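Multiple structures are listed underneath, in structure tokens.
Note that subunit A is present in both complexes that follow, paired respectively with subunit B and with subunit C.
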Partner chain A sequence: MTVPRSDRSDTGPWPYIVAAIVVCLLAAVPFLGVNAYLLSILTLGLFFAVFAMCWDLLFGYAGEPNFGATFLIGTGAYTAALLSSNGLASPAVCIVAGAIAAVVAGVLLALPALRLRGPYFGLVTLVATLILRQVIILFSDYTGGEIGIAVPDIITISSTLNFYIALGAAVLTALVLRLLVNSPFGLVLEAIGQDPLNARVLGFEITKYKVSAFCVSAFFSGLAGALMVFYLGTASTNVFVDASVGVQVIIAAIVGGRRTIVGPAIGGVFLIAAAQYLHPLGSLSEMGVAVVALVILLFLPGGLLGATRLFRKAR
Partner chain B sequence: MLLEVTDLLKRFGGLKAVDGVSFAVDRGEILGLIGPNGSGKSTVMNLIMGVLKPDSGSILLDSREIGGRSPNRIAGHGVSMVFQHSRPLHQQTVLQNLYLALLPNRLFNFRLSPDIDSRAHDALKLVGLEHFAGRKPSELPFAGLRRLELAKSLVRKPSLLLLDEPFAGLSASEMEEFSDLIRQLRSDERAIILVDHNVKGVRALVDRIVAMSSGQKIADDLPDHVLASPRVREVYLGRGDEAVFRRPHSPAPDAPSALKVEHVSVRYGEAIALDDVSLSVPRGEVTAVVGLNGAGKTSLFNAICGIVPASGTVEYEGRTPRARRAYEIARSGVVLCPETRELFTDMTVQENLGIGGNALAAAEKRRQTEFVESLFPRLAERRKQFARTLSGGEQQQLAIARALMMKPSILLIDEPTLGLAPIIFDAISNVIETLRESGELSLFLAEQNLTFALRHADLIHVMEHGKIKWSGPAGEFDAGSALIA
Partner chain C sequence: MLAELIVSGVIISAIYALATTGFTLLYGVSGILNLAHGTTLATAGIVAWYVAGRSDLGLVAALAAGIAAGVAAGLLTFWLVIRPLQRNFELSESDEHVFMLVATLLWTIILQEGLASIFGDVSVSLPQMIPGVVDILGVRTPASSVFVAIIAWLVIGLLWFYVSKTKSGQILLAASINPRGLVLCGINLGRVHLLVWALYGALAGFAGVLVAMILGVSPSSGLDLTATAFSIVVLGGLGSVGGTLIAANLIGFIETATAYTLGPSLRSLPALIILVIVLYFRPQGLFGRR
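Presenting the complex of A and B:
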């Protein structure tokens, strides 16, 4: 008797080979003589890729739209920044604390919110972001309010090393989330997202699975948020606790191709890179990104990754 | 006894969907739960599975109370349910969909256990899908999806298997094959309950029938006895003495048509809901389409009103519009009062009527409101009440009243008496007669309740399996053979 493969894709080993090649190419980027500017864009793009992948786990699989991605990211970022700026912990401890704080905050939010049905879960996550932002502004003596907190410590000043940290975070997140969604746990999660009633009747306690998915999503969001604080040197609400940043995470995930994990990662890098390259257009740049996103949403409902599938089918 | 249901009660607002139902099933038995649409049979199934929580009464499984527990716990006790509609995982294969059903309810579960594969293959073989293991569910025919859902239930080795309308949407030959499959599942370890509106479909399959009507059990006996029971025949066919309501009048064959349907077909994915239907609705008369739930009546009305895409042509008062958009059809005077009523529940009675009369000029709107309020005095009394606080019968009156506010030339009413107490029938009957006598509009009713249809209709169309089985004047209609045979 053979043990069934837990790998559920029927496309053979090719996606993994392609992914390995892409990761190797990215790892080689610093040696290709690219300038520091491009490297910094890619670094930010990779952090954004983590955010988008985490969002995809919740929406693409568990079927819950999280409009408050920055609630989780911001909790991680501000926890790390507060600990560091008060001289309480080393960067490594701050980062781990950030990730854990995001999980705790995530569970406190998810436990009551996941009992709600329909669009209410999404609204609760949105409101949570707004509240976190107001709390930060209210306690500006400690949090720096809208100006933000400068972080005294840094991990490294080398842009190459910072790039590798972001790449490491993105690859780790992608690996863990892909393994997770391909496991029996992922199968149940996807069933819950598609037909919660049927999943319950098959004997699964769906809240348990959703809260777990929320924890995983929160952990990597918080981790990436904390890492990004040390990369940027400051934590500010406009970067870390902002509903419009949350919307960008959603756009990145959908542009890349939801329910794939890898697609949203591509979408995250794409969105940041597109915004930077269109920067010379001034205020038109945001418009440009929005138009590109709209075109992809309208004409490639499977996202960028879905487009490659169409191509494969056409062959 | 494996399952003992006692005095089960479930209310939806003012409506008692299940009203003191008791019955029992033992291992080795196949029980058919039948009743017209709205009789509460699906609600009973959902109460047993825990999808709904009972208001009172008890549900004992192996002498253990399971009423009111969550579906996943009830599933853990060995109950499994196959839904009429369900969405399989489309990114995964048929085999992986079965893996899902075999997984334990455990979070830290990252490897499939070794025997899962053989158990999944066994179940696929049992339902005849072994050659589809590696395919995606989207590649399965409609009946195959039903088999997949059945296999998902079977791998869990349920002691009680609940099948909700297992034959809905299947063709006659598929129905036969599926019946054979269910017959094979009979075992000493397991009881099967299947819900169906179609008496013919289940009589040969089941050992015993529990019949329901308006939330109550009206019979519990061997299939032949239940079908012979006067009470059951009355629910399905209506009382014989009601024939006096039949109008002697029959429409002239060359009467002008308000609505002419020609070769109309509707498909939902693989399922054929309406199969090449042609019929006409004479102007100024009352026409009824009768048939059991699932026969295609609602699909026909939705096709006429442009709500579902359909092939074929529909002629409205002699015109065949090229673009058939739902709102254009409604504005042109062909108005549907849908089975599900679709009231604006968080608006008042007055506001609901106002929306119906939105296109009318102020004075005309006032006149029309007075007219419908004279037809439905109850609604005038409840002008300021929210629609959701009305009783089922009042909601039905409001739905018809709102449709009348659009000043239709053709009014289609889908199941005017669905789920209503007989006492409300009279109120609706009077309205239909008043409208007929006004001569201003043509009425087209879809009814399961033959008595009600025969009381009003001049022309009857009988539907079965998406096709017109019989058409003719109400006077020539022989009820007995048409629906129960």
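Presenting the complex of A and C:
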């Protein structure tokens, strides 16, 4: 049984006002005299926010647990890096090509994987990541194997500009995905995710909707992956094509609050920031983050955003 | 070459078979895919290695310690992760499945980092159980490896005997077929779940010690072991113990053949591709019921 949702009717304009204020505050961060280190963490956090939002579109709405988020991210990142390191295209073209390649990869993954349900779907998406990683290592003459490829071009060396690029990507993704999930398309997608049988009886072609959701998710994942390559200067398998990075994306989305798009964005920034904050603890820092995430998962299934809703209800 | 391949394929497959039966038994009875499985194996292997290096009792003590560690890890997973999630009635069924997977993955990270900070993040392997080499089909094989393969199959045989010939084994089997019917017969399902988690822990503990003998384990090798176990179990069909045993041999031989012909670094690639192809044509796995 799914608990009926009430947030669609009673929220009013407040969430949008809060979101606008948060974005303005974030945009002002570089002027508040924060150091470059903090800015770089926020930049990475915002890229991670994009990944988590894309995952939420697939799980929260379409009901498909994608354990291979890094398959889409990695395809975008490596496409951009390969084009750039061979001198074939300018960064802007590389980034667009990365996003398009991710969409193609998303369709190629979705068509066979959507025949499967639940854990089987999860496994195939996970295996897709493992296979991509092995292929990259196999063709290490071109891809640099586990060491990775360095890209010769960068967009800018200014940490402030890089921060704004990440912020722009995150805000654009959040806007598009929010509009999408509140559109008729999004409502059908959510209906399919919650009750595929009834949705099919109503005459909706499930596969078409799910593949479209995959395309959107892949597009923004690939875009952010490609942008991140130019920010980091290298594409390596441990950052872009790693099953455990895919798991981190899932953790960020669930900790933030699934089926909200905005929640996973908060979760993404939170996870990266928490890992950095706990860094002095050494190997225990990852454990600390995992414990916090597990406690949130077990006792606040709505995530951090769900906790604020609980608070509102209590009043 | 061919003989070599067969001998090491048989040994690897025996270990894979034992290492995945617990995983598939747990899924069959309680419907939970424990993604912390590989790390449970690693925990048992590392604890056994620690005890073997520090006690005079040798490998018997190490094996006992490994099994105890496996049972402890299994019960802790059940009490700290699975129970709280099952008691949360706000979650829909499909949400609960994914939450279960994510929670066990987080538990993997916690166990892994805990092990790394206590024992150090290094790969360990247990000493050979018995010295010497034996000659099989003209291949010189460490006697210990042969012994391990025999023990693995013996334990699987014991498990089969337990499930099909004893009363509590039959209860486990019934729980995997129709839990509601079992409750109607007056059996406490909560205790059945506790039993299956303890049994799972013991099996994983035993398997973990054997894995540490043949392949070696490290805290961070858990996820790779889980991926292999997951592939084997899904290939055989979730919840089907017979299917798991066949799939374990299939994957074991394919991996060994790949390692011999294409090189060890590509060891897992063909098995993964075959897995995807099989799932495409038979989404329920080779011997799955649904």
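Definition applied: the second predicted complex is superposed on the first by the 306 of 315 C-alpha atoms of A that agree within 3 Å, B and C clash if a C-alpha of one lies under 4 Å from a C-alpha of the other, contacts with A are read in each partner's own complex, and residues count from 1 in each chain.
Methods note: a residue touches a chain if its C-beta (ideal position, glycine included) is under 8 Å from a C-beta of that chain, and two chains touch if they have at least 3 such contacts.
The model shown is predicted, which means the values in this text are computed figures rather than measured ones.
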Exercise for the section: Based on the superposed arrangement around subunit A, label subunit B with subunit C as either clash or fit. Expected result: clash
Practice task
Check the residue A:Lys208 against both partner chains and state whether it touches subunit B (first), subunit C (second), both, or neither.
Solution key: first
Exercise for the section: Determine, under the contact definition given at the top, whether A:Ser158 touches first (subunit B), second (subunit C), both, or neither. Expected result: neither
Exercise for the section: Figure out whether A:Gln194 sits in contact with subunit B (first) or subunit C (second), or with both, or with neither. Expected result: both
Problem - Partner with the higher number of touched subunit A residues, subunit C or subunit B - result: C
Exercise for the section: Name the contact category of A:Pro184: first (subunit B only), second (subunit C only), both, or neither. Expected result: first
Practice task
Touching subunit B in one complex and subunit C in the other: list those residues of subunit A.
Solution key: 1-3, 194
Problem - subunit C residues touching subunit A - in the complex, by the definition given at the top - result: 33, 81, 84-85, 88, 90-92, 94-95, 97-99, 101-103, 105-107, 109-110, 113-114, 116-117, 121, 223, 227, 230-231, 234, 238, 265-266, 268-269, 272-273, 275-276, 279-280, 283-285
Problem - Complex contact set, residues of subunit A against subunit C - result: 1-3, 59, 63, 65, 67, 112, 115-120, 122-124, 126-128, 130-131, 134-135, 137-138, 194, 243-244, 247, 250-251, 254, 258, 282-284, 286-287, 290-291, 293-294, 297-299, 301-302
Problem - subunit A contact footprint on subunit B (complex, rising order) - result: 49, 51, 70-72, 75-76, 80-81, 83, 86-87, 89-93, 96, 99-101, 103, 105, 107-112, 114-118, 134, 152, 156
Practice task
Note which residues of subunit A are touching subunit B in the complex, please.
Solution key: 1-4, 6, 8, 10, 179-180, 183-185, 187-188, 190-191, 194-195, 197-198, 200-206, 208-209, 212, 259
